[in-house]
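Structures for review follow.
In the two complexes that follow, chain A is the common piece, with chain B as its partner first and chain C second.
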Partner chain A sequence: MKKQLIILAILIMSVSAFGQDKFIAKNAYISFYSSTPLEDILGESNEAVTILDATKGEVVFQALMTTFHFKRALMEEHFNENYMESSKFPKAKFKGMIEGFNKDMLKAPVANIKITGQLNVHGVEKTITVPGTIGMEAGKLVATAKFKVTPEEYGIVIPSLVRDKIGKEMEITVKDNYVPFGQ
Partner chain B sequence: MKRNYYILIGLFILFLSGNVYSQDLDALLNAQIKPTVNYATASFKASRIINGHSIEQMKKKQLDFRISHRFGTLNDGAYGLYGMDRSVIHFSLEYGLTDWLMLGVGRGSLNKIYDSFAKFKLLRQSSGEKTMPVSVSYLTSIEVNSMKFDTTRIQLTPTTFAPRVNYFSSRLTYVNQLLIARKFNDNFSFQLSPTFIHRNLTKTELDKNDIFAMGFGARYKLSKRLSLNAEYFYTLNPNAKVMETRYYNSASVGIDIETGGHVFQIMLTNSQGMREGTFIPQTTDSWLKGGIHLGFNISRVFAFNQ
Partner chain C sequence: MKIKYIILSILFLILVGAGVGLKMFFKPHDNINKMDASFKVEGASFINEFKKDENAATAKYSEKVIEIKGKLVAKNTLPNGTILLILEDEMEGISSELDAEWTKSNQPLIDGLKIGNLVTIKGVCKGFLMEVKVNPAVVVVNE
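Let's turn to the complex of A and B:
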């Protein structure tokens, strides 16, 4: 009976411990950028949502494709209609683990990290490892990542007619300020 | 033994709760995503289906430069190179003042028309948080026929004439059109365009000043960058046949080819005019008699926002 109580107590404690160790950013920034001599393309979203689980160093991201905005309205239309097929694949998702994570990383100044996980874009899921940073900056928990993907990897077909205007690689930039979950 | 059993159960529950928890992270995230309104975009590739306006318009600070040609009729035969010898042209500049208001000015060689229009977005088709089955826009336009008046006198009897005063207002045609469109799926969109046209001065007394028409337009996407379009304007009170001139409803088929910043529209139509005041009440060629014009619209969009 005593043992059962102990187990129960541990369970309750562990659950409540989880509750205190989650961080969220509701207006995370994600951009993708490609540059060619003919045209620069920059799509930006400030409406991505991400949660960091500080017990394991796990992060999840979600961004609606329609929250990406462009200078040229036609680019935005083509992005959704022709390339991302946003009505079929409305979200981009990422779920990964920070390599060698320990809780102190969240209290230390910004330092380089590596994150490995599954990136799901255009309905195609790939395991990627991306460089990033995490840590305290001006009293805020800040995380960033910058990496490159190619449209072809995610089944996005670029016709030869516009191939010269769209870079072979897209540079993805992610930036967010985490706040404790539930605040 | 019993103790091990407890520990095992405990570990199992812990393991399970951990698992539940990691699924929870996704569930937690999904709970944070606010329900969104999904607006239907790109019901048509351009601001025109073929001759008539589509529900689409330029977004804020985007400028559309349009060049359109309509050649003569195919039944001009080899002598007129199947219509190529006589083409009419229309230029226009169309600008998105806001996301819901587009203003345009243009000049057409047929009847030497100057035209201006305003297109207002009233409703947007949407699903999700808010549901709206159709997109609705209102188009209003004024066309100025700048041809020289054919006469400065009125014939009273076979031999006596009186001077005729020609007013500027006689050159004006007003167009009012409601555009009601629905994008049924990624490929198919349909539009109804109830139209009212008022002409201050008509060619003959038999021609009507007020014209009511219903436009039907559709597009079907053949691929991401190619679509098949069709358009028909049914005139409810057509002009009577005046001597040898008969008026027909405007019927057109065409394809849109999209290449980044350009949209090419290539069409076959029985109308040579490219503005509502011309092609709706004044189409004088018939498909059945080979009165078919080959034509094209080119749209080039420039962005002026920072």
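Let's turn to the complex of A and C:
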């Protein structure tokens, strides 16, 4: 019993000590871009949530599919109902580690990084490595990432009639301003 | 004679089809200001529903128009200029992005919103991600 209490106390202490090393962005930007001969398709959301754990360089990122906003209502409808099946798979999630992470990266000017982790979209999980940046810009801790995915990898079926007209890969862009969390 | 009618009616159908198709393609986004709320809720109990059972609350409220009354705790501007009203709790409350078109014609009302006051917003619920996300939204009552 005593032993359990000690373990519990150590756990609580370590959580509070490391708690100061968390950063959050509650309105992270994420976009989805694809070009077609007719017009470009761009879906944007400012409602993704991401937490950076600076004790180990872990990044957790989540976005609600229905928050993606498109220029045309029809695009938004197709995106949610036909392709992403947002009512069945409401969230896209990514959890990964910054390669070669050390805490000084968060105080230095923006520099290139690589993040490897699991991306879960449309209920399909894949391990990916994406290029990005992290560091201080105008007094703010800023992180970005830009990478390409193919819908087929995530079990997203696009009718063949439409498929040929859309670029094979979709470009995903992520930008966020981290602020200290839990202080 | 008969063939002429058939050709004419086929042409007519093609025209109607193209018209419907174009109308659908250029269909505008819903005007949140003109839509009726499916639910009228109090901020704190609304958040609790999501915290208690996120799946059930998401199924009940996601993509529905909700009228929410709650305490305004923050008013932020996103990098793209969108105004964000946060109700009840800054970290785990209700985050609502104001409709861009509505914002343009209601700037004085938005400027007059005071932190700590009760406000009623109406918007489309998008689900839960640490906080309840509502987008787009308009202010209905400013108390």
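Just so we're on the same page, the second predicted complex is superposed on the first by the 166 of 183 C-alpha atoms of A that agree within 3 Å, B and C clash if a C-alpha of one lies under 4 Å from a C-alpha of the other, contacts with A are read in each partner's own complex, and residues count from 1 in each chain.
Everything that follows uses one rule, which is that contacts are C-beta pairs under 8 Å (C-beta built on N, C-alpha and C of every residue); 3 or more make two chains touch, one makes a residue touch a chain.
Everything quoted here is computed from the prediction, not taken from an experiment.
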Checklist entry - After the chain A overlay, clash or fit between chain B and chain C? => result clash
Next on the checklist: I'd like to know which partner A:N46 touches here: chain B for first, chain C for second, both or neither.
Outcome noted: second
Checklist entry - Which partner does A:H78 contact after superposing on A: first (chain B), second (chain C), both, neither? => result first
Next on the checklist: A:K95 in the overlay: touching chain B, chain C, both, or neither? Say first, second, both or neither.
Outcome noted: first
Checklist entry - On chain A, which partner touches more residues: chain B or chain C? => result B
Item to check | Partner chain(s) touched by A:E58 [first = chain B, second = chain C, both, neither] | outcome: first
Item to check | First (chain B), second (chain C), both or neither touched by A:K148 | outcome: neither
Checklist entry - Between chain B (first) and chain C (second), which does A:L161 come into contact with in this model arrangement: first, second, both, or neither? => result first
Item to check | Which of chain B and chain C A:K26 touches, first, second, both or neither | outcome: both
Checklist entry - Which of these chain C stretches, 60-68, 78-86, 96-104 or 114-122, gets into chain B when the structures are overlaid? => result 60-68
Checklist entry - Where on chain A do the contacts with chain B and the contacts with chain C coincide? => result 26, 49, 62, 64, 66, 72-74, 87, 90
Item to check | Touch list for chain C against partner chain A, complex | outcome: 24-30, 58, 62-63, 76, 78-80, 82, 84, 91, 95, 97, 126-127, 129-131, 133, 135
Next on the checklist: Please output the residues of chain A touching chain B within their complex, sorted ascending.
Outcome noted: 3-4, 7, 10-11, 14-15, 18, 22, 24, 26, 49-51, 53, 56, 58, 60, 62, 64, 66, 71-74, 77-78, 80-82, 87-88, 90, 95, 159, 161-162, 165, 181
Checklist outcome for this item: chain A contacts chain C in the complex at 26-27, 29, 46-49, 62-64, 66-67, 69, 72-74, 76, 87, 90-91
Item to check | Residues of chain B that touch chain A when the two form their complex | outcome: 3, 6, 9-10, 13-14, 17, 21-22, 25-26, 28-30, 32-33, 36, 38, 41-42, 58-60, 62, 96, 186, 224-225, 258-261, 301, 303, 305-306
